Amino acid sequence: MRRQRAKGEEQLDGRADATASSREQFLARAIVAGGAVAAGGLLVAGWPRLGTAAPSAAQDAKILNFALLLEYIEAGFYSDAVAKGKLSGDLLDFATTVRDHERAHVAFLKGALGNSARRKPKLDFGQTTSDPKTFTSAAISLEETVVAAYNGQAGNLTKPTLAQAARIVSVEARHAAWIRALAGKDPAPNATDKPDTASQVQADINRTGFVQSG
Amino acid sequence: MMSLTLEQLDRDGAIREAVEKASGDTRAAFLGKAVVGGAALLGALAAPGSGEAATAKSDVAILNYALTLEYLQASFYTEAERLGAIKGKLAPIPPQLGAVERAHVQAIKAALGRAAVKRPAFDFHGVTENNSKFLKTAVAFEDLGTAAYKAQAARIKSPALLAAAISIHSVEARHAAWMRFLAGAVPAASAFDEGKPISQVRAIVASTHFVAARPKSRSRKKPKFTG
Amino acid sequence: MAFAAIAAAVIAVVVWPQSPASSPASNQPLGLPASPRPALLVPKPEPLSRSSALSYWASVRVAVAARSAPTPRAATVAWLARTTQDGTTNLVLVLDRRVDRRGRLWVHVRLPVLPNDLTAWVPRAALGVYGTVQTHLVVDLERLTVTLFRSGRPILRAPAGVGQPQSPTPKGSFYIRDVLTRYASPFYGPVAFGTSARSSVLTDWPGGGFIGIHGTDAPQLLPGRVSHGCIRLRNEDILRLRRLMPVGTPITIR
């Protein structure tokens, strides 16, 4: 009796599932992830993608909640920096504008997630928002992390959600280029932007120490 | 490349069963369709995600559309650099952005092979020869490129192509923000960037009159030279 | 003061402080796979190849009066037509540019008119597509040779037939305007390049008396002063030139 996979079930993430018919499920994953069993060099279009990482509403919700966490961090970071009053001039303009953008992103994602939206995390930015230099470095790292995060999840989203995420990621990329330009750095050093996995993004966020509790 | 049939690979029928569940096809119908390319099947087993072979026609069309826009940008920056008329704080822009857009052109041309559209001739009407016109046009091109890629993202069928397009899309957005920064405009004017559909992008490009007929420099007429 | 500077530098460097062990991670990892390898292999961006010897040409978009100075009030020096006598797009060599008081861009160009070596100013708006070439052709009327340079290095040398004393090949600076092929005329060989140079004696020549660079059905006459002004090459040399020399290449005849 084959175990039915529940909708939105947590992925196996690489661990062998000893209870299932391993080879069959492995093949199902391989076929799905490969797009199709390539038949004579033709990609057989239209086969439904099963199992791991197939876009779905439930998966969208998980990814959007992850994005919401990042947007909460950004909105909090810029709000804190502006409120502390240690920024001025172009840097203050940047922080104020971007704060408003990130707040709009938070509102949008909360609206999209409805009751599924994660709650606002408890955040502490320490000294990074108290000084223009540390603020600038932290802003650059934060924007770069968020761009890589969205780019990393693009392929996992359903198409309608991808269209919405695309409207946000380019704004984050603009933020990144903007603060880099203010810092005298090359705003666009690469021909392509590298995507990061959720784990990599999570590790970057953990390293900041900004998030006190989920 | 060795051509295998599923029968040869699939002694206990596990592959066949999985394929049937995925497609709803009967075994006979599926096997009747095609011979499995051995390397491709092995590739799908070994590294999920790498098993794709041919590209969907709509993806080819999207790639050629992207190529046209990249030709436009690359030719714009390349001409600006060659003519040497962009001075001062803008002087580093044509070489740097030109190199990136040329790299984008190369990548898309390599993916399309013979299916790639040819580079058109461009008449840039002096905008590559004037600092402020150059900057205004650069802002417009980069904003346009971002909006164009964005609107196509959800239409791309191949996950690998989507990954590529997404990673270029955010670079175009960086360029747009940078050019706006240099122009004294706000680099990110709004919390959300909107995409532009193909028809709108084509209309905007057409309105520039930058795409020109290639000069006719060859003829089969009999020479009229003095001899 | 030094201590404060060091402290500031340390603060600036430490962006991601290690989070205390007790601080919880905010979210479990999603457990989703990484993005697939992108379908496009974007190479490392490369700068344009440096060339010490760039020349620029422009196609003529609309017929226009070429003027002695970059202003509409300056005298007309010549009329610039849209097409050549061969039915090809007329080209000019681009030498310089200037913006007039009303903000219009003017371009200083070398013209395919008599007297030879004439330059004048035209509005950028009358010109169209730009091209860049790295090649330069030198015709030596004393040595009876042509040499093609690319980025300053010679890549082709060939013996030439030039104008007879009574119909000399003009000296000066010119450029390749077009290339004719697949016409049936052994006198001109397989390929003929049209130049901007004109015979200053054969001014009534049908088609304007333009100097061409072309092949020949009498290679035994080369090198020599044998033509009505044209530069004749052996057919194998004109075919090599066809492969190596783009339209718009500047020519020095000395």
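Going in written order, the chains are labelled A, B and C, and every chain counts its residues from 1.
Everything below uses one rule, namely that contacts are C-beta pairs under 8 Å (C-beta built on N, C-alpha and C of every residue); 3 or more make two chains touch, one makes a residue touch a chain.
As the structure is a computational prediction, the values presented were derived from the model and not from experiment.
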{"item": "By mean Cα position, the chain sitting nearest the middle", "value": "B"}
{"item": "Selected pair, greater C-beta contact count between B-C and A-C", "value": "B-C"}
{"item": "Identity of the chain that, by mean CA position, is farthest from subunit C", "value": "A"}
{"item": "Distance between chain centroids, defined by C-alpha means - subunit A, subunit B (Å)", "value": "24"}
{"item": "Chain centre separation in whole Å, for subunit C relative to subunit A (CA means)", "value": "49"}
{"item": "Between subunit B and subunit C, centroid-to-centroid distance (C-alpha), Å", "value": "28"}
{"item": "Subunit A residues counted as touching two or more neighbouring chains", "value": "33, 151, 154-155, 191-192, 195"}
{"item": "Multi-chain contact residues (two or more partners), subunit B", "value": "48-50, 55, 100, 103-104, 158-159, 163-164, 167-168"}
{"item": "Residues of subunit C touching at least two other chains", "value": "33, 35-36, 38, 42-45"}
{"item": "Residues on subunit A engaged by subunit C in the complex (per definition of touch)", "value": "10-11, 13, 33, 52-53, 59, 62-63, 65-66, 69, 118, 121, 126-128, 131, 133-134, 137-138, 141, 151-156, 191-192, 195, 197-199, 202, 204-209, 211-214"}
{"item": "Subunit A-facing residues of subunit C, complex", "value": "8, 11-12, 15-20, 23-27, 29-36, 38, 42-45"}
{"item": "For the subunit B and subunit A complex, residues of the former touching the latter", "value": "3, 6, 14-15, 17-19, 21-23, 33-37, 40-41, 43-45, 48-56, 97, 100, 103-104, 146, 150, 153-155, 157-159, 162-164, 166-178, 181, 186-188, 190-195"}
{"item": "In the complex with subunit C, residue positions of subunit B that touch it", "value": "48-50, 55, 78-79, 81-83, 85, 95-96, 98-100, 102-104, 106-108, 110-111, 121-126, 128-130, 158-161, 163-165, 167-168, 212, 214-227"}
{"item": "For the subunit C and subunit B complex, residues of the former touching the latter", "value": "33, 35-48, 54, 56, 59, 61, 85-89, 91, 97, 99, 105, 124-125, 128-132, 167, 177-185, 187-188, 192, 194, 199, 202, 205-212, 214, 227-230, 247"}
